[in-house]
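These are the structures in question, set out in turn.
In the two complexes below, subunit A is the common chain; its partner is subunit B in one and subunit C in the other.
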Partner chain A sequence: MAHADQNIGSLQPSALMHIKQRYFATRFDTVITLICAALAAWVLWGLINWALLDATFGANRGDVCREDLHGGACWSVVATRWRIVLFGLYPFEEQWRSAIACLVMVFVAVLSCVPWFWSAKRLPILWIAGFAIFYVLMRGGWFGLVEVTEQNWGGLSLTIFIFAAVSLLGMPLAIIFALLRRSKLPWIARTMALVIDTIRSLPLLSIMFTFAIVLPFVLPGWAIGDKLYRVIVGYALFFACYQAEIIRGGMQALPAGQEEAAQALGLGYWHRIGYIILPQAFRNALPPTINQFVITFKETSLVTIIGFFDVMASGRAASGTADWNFATIEMYVFVALIFFVFVFSLSRYGAYLERRLGVGRR
Partner chain B sequence: MTAILKNRHVRDNVFQFTFVGALLLLIAVFFITGRANLEAQGMTSGFDFLQRTTGWRISFSLIDYSTSSTYLRAIIVGILNSMFLGAIALPLATLIGITIGVMRTSGNGMAELLGTTFVEVFRNVPLILQLFFWYTLLLAMPSPRDAGLIFGGIALTGRGIYIPGLNVTGGSVFIVALVLMAATALALWLGAKRWPALHLSQASKERRFLWVGFALLSVLVLWLGRIPETPLVSMPVQKGLNFKEGIRISPELMACVIAISIYGAAYIAEIVRAGFNSVPPGQSEAGHALGLSSWHIFSRIRLPLAIRIVMPTLINQYVWLFKATTIGIAISFTDFFMVISTAINQSGQTLELIAILMGGYLIINYTIAWVLNRVNDAIKLKGTQLRI
Partner chain C sequence: MTDMAIRIASMNKYYGEFHALKNINLEVAKGQKVVICGPSGSGKSTLIRCINRLEEHRSGIIEVNGIELNDNVDNIDEIRREAGMVFQNFNLFPHMTVLENCTLAPILARKIDRAEAEATGMQYLERVKIPEQAHKYPGELSGGQQQRVAIARALCMAPEIMLFDEPTSALDPEMISEVLDVMVGLAKDGMTMVCVTHEMGFARQVADRVIFMADGEIIEQAAPGDFFDNPQNERTKAFLSQIVGH
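The block that comes next holds the complex of A and B.
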């Protein structure tokens, strides 16, 4: 509502002027500012009281929390049971492996934000190498590491595993889907469009459910595989359908002259796609792609419903026992913070990229 | 042979044929294996099971349902529940979302700070986690025995929220819902078709007339549909260990509504903000030059333009949000998805039920997208209006 005053005078506004303009420009603005400030103060005060002033810290102090009548948070549950949230049922002595594996994947994610890695060769190599290290560390069986099967994976490492596997499997699939959908052969383009639109209009949960529970029923015995991998394949398929549309959007934003020029130079289909179309399409589609990764990471938590022990489910389990069942909210806040750190940094990075590349302004 | 393969036309056709053929083959394999597995269990495929009785209970239902109802009825209950949840949560998300979006583009520093915090907190935490969070909070409310009435008619208890209700038949409520939908559609249609021709005040007079008429009609239907020998309004009353009368909103439904509308609002707020930012400043400057008040500039110029700009994105968001209602299964809110998965467990008719599930979501989602796209076509800027 302060638009009226923004252009008045080109005098250099002082800090005080700036505050007046931002917060007290008109009488109406003043009222809004005061209401918002009161609301913010009330929420903040309640939060600080609950989370800090009245809270109980330190491990193994559940009995103190139980007798505490202030109603403050009981962070003791996090201090006591954080290992379950991060590592699930992974054997205690081997949990360092799970921790290193997670760090490796986080490192890979950070590295792929460096522009030097943004090439069709480097990025896949980086991710496949990172994923291989992750898998070997988690699974063991080689290099004298004790074998830990997927049934015992859990917590944050399982979430990261599902996310990484879905991305690795889904991205090439998405490129194939996008290319098939814009194929000049009508039957292929139409069939692919039908498949993509159908899968996109189904809820992710129903697809996971179908792959986890129903697929063994309709597949020949040798093709059933582990439930975890079936869910990953289903999720990757879902991811690929969304990502294919994003890539297709990036391709459509390209001027037709790009492909025509490549054709005129006598480049073959794969060269046109690999060197002219896809690099530019990805550049156009970078912000929605990052957004898609953000959503994909958040929605890995749906596997809880199918019965996997990811970070969400293990958070519930950590506060699900009789001696901690009063501290469920604290555990949810802890799990929410874990998600927030990952998702927030990724989405901030996406916003930064959008500004840097100036996508949307050209 | 090689000559044939070098022929581009032939090669293309072979490629197409293989692609479509492989897909069909995959579906055929699913179908044959599924049938074989069914027969091995001594069951028959087909949709006859829809007429069998279910034998399981559904905790929340808009129509009559008991354990002796058929599978078909259970599925209808599920679909209605899903649509009911969507019909409450989606408009609520829109309302909160527009408010937050306006706050973030208001130019008021404090409002922007609050709006940004809201969006960042609720957009960066998974929906299912938020759902569990609200559900836990709702269950932690006082037991009905200890809860009092607020505003004389609302009780917040751990077993649900009690609000005053009307003693009317379900049928009349349904008719009123239809009447209100027709009124909205007619108002939109009137606005879209005749807006350029009609004088503004005349159009609003016509619309007011329309609304009053439909409101009277709704009241009349409710009056006719009231249950005999009961007061029209039933208030929640504390009786023993529980509340009687009134309407009970279960914690499951309430948690779903809160979680989905807040999560959706955070996304819609971002869309609305982008819309406001893409309304050229010249529009509101022109409004100022004409001496319009801030409120008129907002409600008559910036909001209508912003809504038209973001409509296509919003449509996708609504379809996506409706799909997110399946999350209710996590706290056992009996929606379409949960009914289907229970039915699969109980009857074993996996293939048929999955087909119903997919068909149902396809139809509902395409309907949402179709209706909203018609709305978009009706209100979008056309021809000479495009110079924004």
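The block that comes next holds the complex of A and C.
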């Protein structure tokens, strides 16, 4: 009887009961709980003190920060130098273009969350249009906009540009790679497998280096192009090899009957791929695909090595002057926050997609 | 044009070294209903899967509606549009609604406009008695309902021949009759049908001919009356006694 009562109690505990059972069940539990709570409070208090209570806000207050005895955060560096982080060396009077361009890409990303755009036609059109607007705004030279060459692009807008270009170029490439990898002709499938495995076993950094530095010696003059685009092509190739294997995994998870049913209905190869195989393969491969996008966004920072000022390098540059060299941590926190906003929303969107696409599935 | 819906002559099929179908000769006239039975592994599924090139035969001739099945992709697509197929595991497209399953191939492969394809789709869904499920996804339907959708989907291509590959084998017993009823209805309307099935009641009721296969060969073929009541071959007798024994 007593046992039964206990069961009922544990099924619907009050909040207090719940806390007691979970965290203060034995004397040992109590000690551990108190120690952890104290540690957490101490860290949190230190953080709040540093980031808020003792911190210096407002633009151009570097001198105040220097003389600050409490050692709080100097957010003044962000308030003063944020433009460098967002726009890099982009000319000051033209930075509104860079800002709008970034907003357009963010808007495109938000729009692609709307189910109406989820079709093999609309989604590519949306992205290509968004990307074109972004490019025209950034580059200028048309519609009376002053031309700003790629050498002067930087900061967050460069990061977004590289990410969008790599995705836009890499995704169709990945689909082609995955299809070739599955080809019925053994020599095509094996060659593709060799290419994919080779590129995957090279570090991204060395691929970027090769495309930026080595390629100009090898390629004919007309094919060299700007260093930025060579790096993007190299990165897109790298992305495509990983993503191709993800898509192939999604395809292999499909029962053979799906393709057979489509064949039996008289659907041709491209119809089978476009309407039956790929939509289901992408659905199967959604979690690793989102993961791949997250990694790709974060690894754009590697372009620093070849002399581009992405958001990360711009952050370092922004706090790299003699006036602000004491405030590197604050700058990194700001950059980290930017990354967090992008990557976290990407992850949450992925989770939403998974729930949504689960509809109608067995 | 020929009166033969399907003509198979001296056809052989191998899986690597394994001789899966041995010297198959089979003719099905337009409007005929043929039931193929036999123990598992006897090659019956392989045989009907060769008819629409889901499996490739090595030698011999296969003709569907006078079109020869060879490596010409246009011929293969043409034959696949002429011959609808229903599978053991339904193989509906899970990411599309029931109606979309029915309209996809007519729109893409027959270039029929969407409104007309949807009207035809609804017409066939009514025929298999599930128009009310048109906007659901296959995963929300029972096995019997899914198989009826699969039949409707194949019919939407207006095929002249229907191939059934063990259409009731994956169904719960209480759902078998709803699928067989649809198949009987089709047979009455004069559809040319080749069915791999162990439903002997269905074979007796609609078949013009029953074919018994074992070890990749056609052992015996006869009208259902003769086949069931007076089988000639020992293996046929053994097989039938096992089936009836259940």
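In this section, the second predicted complex is superposed on the first by the 331 of 362 C-alpha atoms of A that agree within 3 Å, B and C clash if a C-alpha of one lies under 4 Å from a C-alpha of the other, contacts with A are read in each partner's own complex, and residues count from 1 in each chain.
What we mean here is this: contacts are C-beta pairs under 8 Å (C-beta built on N, C-alpha and C of every residue); 3 or more make two chains touch, one makes a residue touch a chain.
Keep in mind it's a predicted model, so treat the numbers as computed, not measured.
Engineer: Going by the contact rule set out at the top, does A:V31 touch subunit B (first), subunit C (second), both, or neither?
Structural biologist: Neither partner.
Engineer: Mind working out whether A:A336 is in touch with subunit B, subunit C, both or neither, as first, second, both or neither?
Structural biologist: first
Engineer: Using the superposition on chain A described above, determine whether A:Q263 touches subunit B (first), subunit C (second), both, or neither.
Structural biologist: Only subunit C; A:Q263 stays clear of subunit B.
Engineer: First (subunit B), second (subunit C), both or neither: which does A:P203 touch?
Structural biologist: The first partner, subunit B, only.
Engineer: Which partner does A:A40 reach: the first (subunit B), the second (subunit C), both, or neither?
Structural biologist: The first partner, subunit B, only.
Engineer: If you stack the two complexes on chain A, which partner ends up touching A:R316: first (subunit B), second (subunit C), both, or neither?
Structural biologist: first
Engineer: On the A-aligned overlay, A:T328 touches which partner chain: subunit B = first, subunit C = second, or both, or neither?
Structural biologist: The answer is first: A:T328 touches subunit B but not subunit C.
Engineer: Please identify the positions on subunit A that touch both subunit B and subunit C, taking each partner from its own complex.
Structural biologist: Correct list for subunit A: none, the interfaces share no residue.
Engineer: Per the contact definition, I'd like the list of subunit A residues that touch subunit B in the complex.
Structural biologist: Touch list, subunit A to subunit B: 1-4, 6, 19, 22-23, 25-26, 28-29, 32-33, 36-37, 39-40, 180, 185-188, 191, 195, 198, 201-206, 209-210, 213-214, 217-220, 298-299, 301-302, 304-305, 312, 316, 328-329, 332, 335-336, 339-340, 343-344, 347.
Engineer: Where on subunit B does subunit A make contact in their complex?
Structural biologist: Subunit B residues touching subunit A: 12, 15-17, 19-20, 23, 29-31, 33-34, 37, 103, 106-111, 113-114, 120-121, 123-129, 132-133, 136-137, 281, 284, 288, 294, 298, 319, 323-324, 326-327, 329-330, 337, 341, 344, 350-351, 354, 357-358, 361-362, 365-366.
Engineer: What residues of subunit C sit close enough to touch subunit A in their complex?
Structural biologist: 52-54, 77-78, 80-81, 83-85, 87, 89, 91-95, 97, 104-105, 108-109, 136-140, 150, 153-154, 157, 163
Engineer: Over in the complex, which subunit A residues touch subunit C? Could you list them?
Structural biologist: By the definition above, subunit A touches subunit C via 255, 257-258, 260-268, 271, 275-276, 279-280, 283, 359-362.
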